[in-house]
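The block underneath contains the structure these notes are about, expressed in structure tokens.
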Amino acid sequence: MRHLIISLAVILWPFSASAFDIEERVVFGAESNPQTVRVISTGDVRVFEPMINGFLAENPTVTVDYTVVSSSELMKAISIDKAAFDVAISSAMDLQTKLANDGFTAPYSSQATEPLPEWARWRQDVFAFTQEPAAVVLSKDAFAGLPMPQSRQDLISLLRQYPDRFRGKIGTYDLRDSGLGYLFATQDSRTSEVYWRLTEVMGALDAKLYCCSSNMINDVASGKLAIAYNVLGSYALSRADKDRFEVMLPTDFTTVMMRTALIPQNAQNKDLAEPFVDYLLQVAWNNTGQTSQQPYDSTATLAGKENSLRRIRLGPGLLIFLDEYKKRSFLTAWENAILQE
Amino acid sequence: MSAEVHSRGSIRRRLMVQLLLGAAVLAIALFFIVQSLARQLAEESQDNILAAAVSAILDTTSVRDGEIQLDLPYSAFSMLSNISNDRVFYAVRFGDDFVTGYSDLPVVTKDDSFGPWFDTTTYQDDEVRIVTAQRRLASGETPLAVEVTLAQTRDGQRDQLMWISQSAAALGTGFFVSVAVLALLAARSSISPILRLTQSVSRRGPKDLRPVAAPVPHEMVPLVAALNSFMDRLKNSLTRSEEFIADAAHRVRTPLATVRTQAEITYRRVEKDENRASIREMIRAIDESSRAAGQMLDHAMVTFRTDHLEQQAIDLNALAAEMIDRLHPMAELREIELVLEQQGAASTIGDTILLQSALRNILDNAIKYSPADSVITLIVSQDAGMAHLTTSDRGIGLPIDDAERLKSRFARGANVEGVIGSGLGLTIADEVARAHGGYLTIANNSKGPGACVTLSFPLQ
Amino acid sequence: MRFLLIEDNMSLAKATIDRLSLDGHVVDHAECLADANGFVSTTEYDLILLDIMLPDGDGRSFLKSHRSALESTPVIATTARSEVSDRVGILDLGADDYITKPFDFAELEARCRAVLRRRGGNASNIISLGDVRFDSLSGTLEIGQDTIHLRNRELRLFEVFASAPDQIFSKSKLLDRLFSYDEGATENAIEVYVGRLRRHLKGSRAEIVTDRGLGYRLSIK
């Protein structure tokens, strides 16, 4: 069944008065359907479309109103504007956790949420549905003749050995712009001091700073960059031109991010939000044969690497790096390391 | 004919109730103690972690250039999430200024101690355990206090307490059930000597009055001693009664026998008609009193044995045949024919001696009241669960209007003047029949003259 | 008949002996079991009357110790006790019958007859009176080829006559022998039974003769 897809990127009704910026809005399913579940998400429409269609196939009387925003806008929409969304999906684990901690979520428990592993759920509020590693994307051309590094240590050695070869060809997140980059960086720093050494090395080699993973991968693919550090592995692996680069999951430790869903406290249609979340979690975790519907997941890539995986832990620990004081001092340290001119 | 025993209360029930009440009180106490201990422990462990976390935060504070420096340690929050998935709130204040965290988080009222200070309050609609701690930092001329407040919801603790409450309830219930089972066993085992005693006494035959010899718990010794002594007295008194009956018979009958024999001899020797007539009267009187004595003794024996009824299987055909055989010479004297008619097997449960006594009295009566040269029929039959012994004679019959009265003691028919009899015969038969769950029926023959008396007993 | 009376009550024993003697019986009297043992070992009796309660023991022990010796002699136990409760033991131990004191001698006679009949009797039961053979046990008269069964009162009446042929028995004497004291029979009844006996004896040499005003006697032609 093909669903009518209406792009409403420009038309901002019914949120015309909202104070948050919407990137894209799509309504799935027949407009005449009596019920609508409103989803606010940081995920691309394209990626979520199979899953949403799957949900609509099971619930033909429902319409899915899917709004794409940035993670910080999502936070704002839920916590400040108290916008009437039924489900919030975000890659920003820290913000999702803060929403839950500060009481903006409605607890939910079902046969789909209960079996989740402990690391995939916080309280009865935040539910993870992907596992996506922070990867290092290496240009095959740039590393021609060199051994492919397997860890941050390898990378540091290579950079120190061949500084000229890589100068200006290293990309990483600009932590001041990217919430995900900040999350990865803080978790890296928590795990090992090697992060700071690598950052200093990258800073010394005139690293380029990016807002988003896709831009970095584009530049590696085009040869503009040799190394992209802390890129979302799921993005890199899903690209058509992935044979042009190597997606390296560092063997010393690989930080794993999880996308999470939650039901906001002021959801208007909790009775629709709940089956939607259930469906999302079933697609993600239950091997129901609908893996093709699952957005983003890289679980298969992580198989056999359990020892080096560092899953970002949901919970109040994430609040620490959201603290203004903490953030300011962390960014100061980072700036000192990465901006050496 | 056992008297009704009045019962009030039950030792077993009383034991059970007391033990169960005790167990219930203990189980409830156990439940509350475990619950309050668990609550205390949970609160203490939460307080300890909150205190550790708050002091970890305080440790990172310092003052540089009059400004507070703070590096929230990840471990401070992660340790809070180690025990439960509770929400965490914090606020850092320096002097009177709010520094970071949740600005609306309340501060615990401080007392004179050094802290940290704890309180339980409500924040964001949730119950939170809240801790505030202070540290003084040198700032300019006067030291200023940096104050960290940390709060954690108690969902985890609530869940834990719920779980512990359920466990404690299960524990209490389990305790109660085990004690109940033990109480049941204890009550049963403490009551069992009484039951054993009861069984051993009630299993005894009616004549078994030996003392109880089996060992009993020492609490029961006085009871059993009393019972033994009672049985001993009963045995003596029963023996005395039996001996008295036998003795009385002997004492009365032997002199009567002498007198009667002498009277007969005299009668043979006397010639004068008027003297013979008076001696005949004398002999009649002797016969009457001896028969009366016999029946009275019979009746006494029937009464005595009815109280201690033996239960044996009795073949009524054999009993009837034996009785006919026994009474044959008596009947023959008057040329009365005794005919036994057996209509199939018939047996009952009871006391042979009593049944013989009843049947003999009925047949005696029949012989007594039958004319010479007649027939008396004894029919052994059965129907509808009853066995019947029916004697039918050709005598003068019975005044049927009197039937019930005839069964009472010393009652005689209004039409039997001149025949020796004490009137106890039917009473004896009636009492024996009723003692065996049967009855006595008195009727006149439907065809011709004569009476028809039936003893009926339940079939075996 | 020869009786052994075992009875400790002297006056009852004496009266019993006298009474039995009146009917022409011979009676030895033992006062205790010891005496009785002596009598039994030396003399053969037709019948033993045994009192159950004796000063030197229970009559039942006598029955037990003389079981073999008593095979040929019937025993009738006499008891003053409540008869049924003693009955079983007495009969089981070998007594042939029992009778309760005080007893009617007519009953005793009847029981003796019954006991002896059961035992089978012997030659002494048979009396020959001319061409009539009288068996007092079976109660039969044999005249030539004919056997006549006497009924009870006919038998008892004939026994009286046969015991003393030619002796005259008054009607009242005969009445005493035939009827109990409470039966109130009249002398006419005697005439009825005498009439019956005469019919049985017709054609034989025995005859019951009426002596007017005196009574009847048995005469053998």
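Labels for the chains are A, B and C, by order of writing; each one numbers its residues from 1.
Going forward, a residue touches a chain if its C-beta (ideal position, glycine included) is under 8 Å from a C-beta of that chain, and two chains touch if they have at least 3 such contacts.
These numbers come from a predicted model, not from an experiment.
When every chain is reduced to the mean of its CA atoms, the largest separation from chain C belongs to A.
Chains B-C form the pair joined by the most contacting C-beta pairs. If each chain is reduced to the centroid of its CA atoms, chain A and chain C end up 137 Å from each other. Centre-to-centre separation of chain B and chain C, using mean CA positions: 63 Å.
As a whole-number value, the distance joining the C-alpha centres of chain A and chain B reads 79 Å.
Contact residues of chain A toward chain B in the complex are 100-103, 122-123, 190, 313, 315-317, 319-321, 323-326, 329.
Residue ranges of chain B in contact with chain A, taken from their complex: 70-74, 76-78, 80-81, 85-89, 92, 99-101, 124-126, 155. Note for the complex: chain C touches chain B at residues 9, 11-12, 15-16, 18-19, 22, 53, 80-85, 100-107, 110-111, 113-114, 151-153, 172-173, 176, 180-184. Those residues of chain B lying in contact with chain C across their complex are 245-246, 249-250, 252-262, 264-265, 267-268, 273, 276, 280, 283-284, 286-287, 290, 294, 297-298, 301, 328-330, 332-335, 353, 356-357, 360, 372, 418-420.
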